[in-house]
Each structure stands twice: as structure tokens, then as C-alpha cells.
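Structure incoming, see below.
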Amino acid sequence: MGYSPFRRGAPPERETKMNETILTAENLKFRYDVSDQPVYALDGVSTQVKRGEFVAVLGANGCGKSTLAKHFNAILLPESGKVYVEGMDTADDDKIYDIRQTVGMVFQNPDNQIVATVVEEDVAFALENLGVPPEEMRRRVDDSMKMAGIYEYRERAPHNLSGGQKQRVAIAGVVAMRPDCLILDEATAMLDPRGREQVMQTIHHLNKNMGITVVSITHYMEEAAQADRVLVMSKGHIVMEGTPKEVFSQTEKVRSLHLDVPQAAELRDELVKAGIPMPEGIIDTGECAQALYELLQ
Amino acid sequence: MLRDITIGQHFPGNSLVHRFDPRLKLVLTIVYIVLLFAASNPLGLTLSILFLAAMYTVAKIPLKMIGKSLKPILPIVIFTAVLNLFFVSGEGEPLVHIWFLTIYAEGVRYAVLMAVRVMALIAGTSLLTYTTSPIVLTDAIEQLLKPLGKLHFPVHELAMMMSIALRFIPTLIEETDKIMNAQKARGAQLDTGKMTERVKALVPVLIPLFISAFRRADELAMAMECRCYRGGDGRTRLKVLRCTKRDYIDLAVCIACFAVILSSRLVFPNF
Amino acid sequence: MADIIKVEHLSYVYNPGLPTAVTALDDVSFTVEEGDFVGIIGATGSGKSTLITHMNGLNKPTSGKIFIDGRDLWADPEKIRDFRFLTGLVFQYPEYQLFEETCYKDIAFGPKNMGLDDAEIDRRVHEAADFVGLDPALLERSPFELSGGQKRRVAVAGVMAMKPRILVLDEPAAGLDPEGRDDILSEVKEYHKKTGTTVLLVSHSMEDIAKYANRVLVMSNKKIAMYDTVEKVFARAPELLELGLSVPQVTKIFLKLREMGVDVPADVYTIPYAVKMIVEAKRRRDAGESLVLPREAKQEGGAATC
């Protein structure tokens, strides 16, 4: 089987070398149906994600963002081009379980990724698969449940939890593998505002305090505005890239890609149009209020 | 509505019966069923039922739950009883003779015994599911069947399928409820009309349900792969089933009870 | 105009009499005028989903009465099906209820159940498809070949084709991307304008409610917490925040300004209005007027720590 016994069970050594690249895509091309489909879902995507970063990926439905995410843990393999995870080529069959342990995935529908009928059993699922000894497993399961804030529900049945709680069960189940990177494929899309907030808090906690790299695919601009870096995709290409400020202050361009801009940025733009001088790069409500305060003082 | 359906209902608790090793519990339940047929005289059955009643008391399961578990199989009980009543012929004078039906004293005896036996059987197996969570039960089955794995019998796969089914039953019931409501909102008549119409009216419910179940299965398979699932080889478990000294003592007590019940049949065959 | 919906002391208990009994609605009363566009907001579990399933008789009140177009919904339980066509209900993720071979047949399911003739059904299917912006060429295709957004449109059209007097939508935009969300909501708005149908829209997005509704019903803890025009409800932003609900981002900006002591209105909930207010405030400042908020007013707004 293709996993190193060293990796199995033993916590991966996590070096906090910043600026070290953890995910790399090189001229990645992919089609779902090679024979029938002339259109590429990913059409030459190259990008890198650094260790410890929080990257948000935005784009209209069908832009290829989920397809890109699925390449980062070898669920999909490139038609041409390369994907590397911590230097491992995802096309390398022998490395597949190392890659999936390094890059954990959380999907959109919380119901469809919970396997067990008890919360803690579900959190343990990946570790059971990896053959972690029971004592060590107990410890890691408890740790990740506490981290995701679901420890108190450990003996409950998942179907009795709220959407936000279920999604945190899914996150805990992935975090138990001690991954270096977490990919959220629209993990908050089906949640109510409260559930979304809970999940985002958990993710930010994992990113800031545990040093886990996060790639979050989302439709919610508020979530993207909190990221370190934003990638905007359209028709299989990365079309915008930068800090949330750099991206969202280009309101016209963002809108032309069928995406929303935060209302603060929209208001700033409309004010400028109405002849009121406003500084650039306003994307959240606090900044906007501050700028208006200075204007009206 | 659908939400009220309970499958393999489990009453969490911390009684002696609850804590008893699930593998032993499962085996003992099977032995108990055999016993019901082996010790088939009235005395043996009475003792078996007393034993079961004692177990229910220890497990603190309300007795009305027995009634609840018996309700769905009542037609079967009545059917077997009636069959016995009419088709068991005995010696001596028939009690009743109407047209081609004759009832003998033996028939009555067998009918009653059979009905009691079937009810005890259901109550006994219900005790197992009431006191053992489905997932633990699945584990127990997996472990008990493990030797079959050597014969290339897919033990782990079966257990996995069972536990996933258990996980998704409530989800799919909820979904069925939602779809039914959605179709009713478009004027579908699901609970009125003739039988044939009702069956036809189920199509708009079943098709979306199947499609959704397949979609869920697809997504679940991907999520499982992402969490490094690759079959049963090399897998460990969070909760390992271990028999303690107390389990063995409990086992010994049960075996003793069973032995007494069985010997009652041999010692007093006429009761 | 006349009240199309009148709810009187409606209460609903799940599993009444059992130990698992849960009150989902507690003495709810309100009326909706014909032609209104009402936004319904409330946290999960506040009772809003239970409330809307009462509007077409899918749930029967434990106590209280509901009148649709002046008729008591439960006067004759045999006739409850009539109300299913009077109040069209679009559930969350309605695309999961599609089942027919073609989109056309699926949209026709409701009208067929109404017992309409084929010509009328045909007319309604095309009309409904047009309202949701569904390409007529797609009508003969299987709904399962379509994209998520298109499927959702087919499902919404299936309810519109019944030509209900009231259209109730439970988060019709959930899970769609920003463009899909705007499209479907503006189609509903357009439908509302053209047909005069009363619309109840359940949504978690305050920005959407602000943009499309003219009245807002706020559910909290199984009761109605507020029911008023959009501007009056969003002007009570601090209370909304206390109920665990949010307010549109522009409203937050104006509340923050008030907190800083600037005299701007609190009932701002759309961008154009916000721009107007800022321009106005700037004009006043340039004219030398004081923009300092009077003390008591500031205290009042100060509760709104966003």
C-alpha cells in the first residue's frame, strides 16, 4: 500500500517556515469528458499557495474553482500540467494517501460527508483508515473535537445536529489527520448565517493558531474579504489575484465577472460617482464609516 | 407522519444489560431463540418469559415498549396461531367441528404456545436492539463474522454498508418528508384516493428520492476517499470491544439460567 | 386593499401530548394585504418555516385560525387541496423535487393536478417558463441535464404555473452564486409586479430583503417580533442585532457613523438612499450646519455595536 509507515500515526513534523510553497499548480488543464467536451474546465491554471496562508477562491458557478480544489488532493488528476503538494506530484500513485493526509477536504453538503452514526466515531473515521493505534486515536479525536468546538456533542447522532455543527464535525474529522492544509469547497454554502459564522470562526482559529493553510472556495464576499489573498476565477482561468483590498476595490471588474462586491465598496464607488471624494481600497463597514466620519467631521 | 417511524430503536442507558459485551449479547440472543423452540413446553416457555421479563427490568426498558415492538407483527402471530388452531389434529374428540374445520384440544394448545413463542422471540430480539446502539451491534456482527473473512467473505464491506445505511436512514426519511410536502404543495394527492392511484402518486416522490440518494452516495464516496478510506485492511477502531471479567460473570449467569430452563423441559416434559 | 392572508392566534405544537412535544409557533397573528411583497426573516428555529407551511395547509394549526382570501382554511378539511393552488409554496432547494422526463411535464404537474385542460396547461407552462427566463428550447429537455440554476428555475416555474394568488418562497436563492441569486430574485420581483401576486419571501440575506420586499416580518422565538415596512424594521437595527439577526451592511455603516456621533439617519438600507443621505449630510456640513448628534439620540444608536 502506498503510505509510509512513518507517516501513519506519527504526527507530521510541522515546520513553520513561512514563504514555503505548499500547493503548486503548473499550467493545469482539465476536462471532465475528454471525448465530448471541447471546453476545458481548467484551462492553463498556474498558482501557488504558501504555508500558513488563507486563500479565498471566488468565481461564478462553473468557473472551475471546485475542479481546481479537487486537484489539490488527487481526487482529480490533471489532463496536462502538474500539481504538487509539498513537493509530491499528485499523479504519483504511491503518494496518494500522503497527499490526502496533507490536504484535507471539506465539502458543501454536511449530510453527505458524515459516515458514522455517532459524532466521535465520525471524527475517528480517517484515523481508523490510517491504522492509528486506539490510544493515540482517542487523543487526536478528542483534540480535534475540542478544536472544532464540538466536544460536547461527541456522543450525539450527527443527524440531530444543526448544519453548522455538522460541518464542524466534518472539519474535525479532517483535522484529526493533522493535515497541513485544509480545502473548503463551498463549505458554508448550505448554512444559515449563524452556522456560517461558527464554521468561519473555527477555520480562522485553525489557520491562525494551528498554522493550517486554508484554501476556501466561496460565494460569500464577506468571507473572502477576511482572507490573506483572493483568487478570482472565470472560465477555467485565474483572472484576478491579490489582497481582498486590491481585488474588491476594482468593483467594475469584479461585477463584470458576475460577482458581488461588499456593500461598503459599492457605496464608496457610488459616492465617488456622485462627486464625493472617498479614499480607495475601502471594503469593510468599519473602514467605510471611518472614511465617512472624516469626510463629514 | 414518516418521522415517527423507528427502525432499530435504541434506548441509551447504563444498565447491566446495556454494558454487556455486544458480541456476547448477540450470541446469547440467538441461543435464547433456540431455547424458545427447544424448551417448548408450557413450563419452559413460562421460565423463558420470566427470564426475559427480568432482563427488561434490569435494563429499565418500560414494559410498554414490548407492546410497541409486538404491534407490527401481531398479524403474523394471529396467522400462525390460526393455522395451528385448525390444522393440528390430535387424538380424541375434536372440540369443535364446523363444516370442514375441526379444532382439537392439541390445536388450541399449539396455537397458544406458538403465539407466545413468537411474541417472546420478538420481545427478546427487541431487547437486543433497545439496549445496543446500531453501530455497536454492527461492530459486534463484524467481529463475530471475522473468521469468514478468511474465506473471502466481504465482512468489513458488509459491516460498512450496514453502518452507512443506519447513518442515512434518518436523513432519507427527512428527505422523503420534504419531497412529499413539496409535491403535495403542487396538488399531488398522496393520502387520498384508491390504492392504484396512491401507488401511482408515489412516482413523484420516489424518483426524486432515488436521484438524491444516488447523489448522496456519490458525494459520500468522494468524502470517504478524501479521508483515506481503502477497505478493511490495516484498519484500527476507536472503540475496541473487550470482554471484561464482569462480562464473563454475566455470561455464566445467563448460561446457568438457560440450562435451568432447558432442564425443566427434560425433567418435567409434561408441564 | 383587502387582506389576502389573515392569521389569528396561530399556535402549532409538534407531537402534541408526547414527551417530545415542541412548540413551533406561539400565538401568531398578522395580516397581509393583497399585492404586498413581504420578507420573512428570523434565525433558524424561530418558526418561520413552520409558519409558511401553514399558509397552504400542509400543517394544521394546533389552535388559531388562518383565512386566505377571506375563507377559513380548515373550515372543511376535505377541501384543503383547493388552498394548495391558492397559495403556491416553493420549498428550499426546490430542484430536488423535479421528477418528470421533461421540464415541460414537470412544470405542468401542478396545473394538471388542478384539472385544467391541455390548452390552458400549455399556455401556463410557457408563461411560467417565460417568467423565470427559461429558454423555451429547454422545455423538451430532461430537467436532470440542466445546470443547478436552471433546475431551480424549472422548479419555481412549476409553482408559478398554478397561478397562485400568493407565492411563498423559502430561500429561493440558497446555494446559488451571486448572479444566479440576483437573477432568480429579480424574476420573482418582476412576476410580482406583472401579476400582482402577493409574495412572501423567506431569506437570510438582509441585503436581499432590503432590495426586494416592501414589508418585513421578523420571527423570533416562535413569535412575531416585528412586522412593518422595510425602512421601519431596519431602523430598529439594534433590536434586530439583539435577536441574533443581522442588518444590511449599509445600515451597519450608518449605525457606526451615529455611534461616532454623526447626525445621519438610522433607517438607511439601500445604496441609492445611502448616497442621497451622505450627499445631503455633506451639503449641510458645507453650509456650516452642525452634524453632531444630540446626546440622547447618540445613546440610543450607541447600543448598536456592530
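Per-chain residue numbering starts at 1, and chain names A, B and C are given in the order in which the chains are listed.
Keep in mind that, in the parts below, contacts are C-beta pairs under 8 Å (C-beta built on N, C-alpha and C of every residue); 3 or more make two chains touch, one makes a residue touch a chain.
Remember, predicted model here, so these are calculated numbers, not experimental data.
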Contact-richer chain pair [B-C vs A-B]: A-B
Longest centre-to-centre distance from subunit C, chain (CA-based): B
Intercentroid distance (Cα basis), subunit C paired with subunit A, Å: 31
Approximate Å spacing (C-alpha centroids) for the pair subunit B, subunit C: 46
Whole-Å gap separating subunit A and subunit B, where each centre is the average of the chain's CA atoms: 44
Touching residues on subunit C, where the partner in the complex is subunit B: 53, 56, 58, 81, 84-85, 88-89, 91, 94, 96-99, 109-110, 113-114, 144, 158-159, 162
Complex contacts: residues of subunit B adjacent to subunit C: 175, 178-179, 181-189, 203-204, 207-208, 211-212
Interfacial residue positions of subunit C with respect to subunit A in the complex: 43-44, 147-149, 174-180, 204, 207, 244-246, 248-250, 252-253, 256-257, 260, 262, 264, 271-272, 274-275, 278-279, 281-282, 285, 291, 306
For the subunit A and subunit C complex, residues of the former touching the latter: 60-62, 108, 162-163, 189-190, 192-195, 219, 221, 258-260, 262-264, 266-267, 270-271, 274, 276, 285-286, 288-289, 292-293, 295-296
Complex interface listing, subunit A residues touching subunit B: 1, 3, 73, 75, 97, 100-101, 104-105, 107, 109, 111-118, 120-121, 124-134, 137-138, 141, 157-159, 170, 173-174, 177
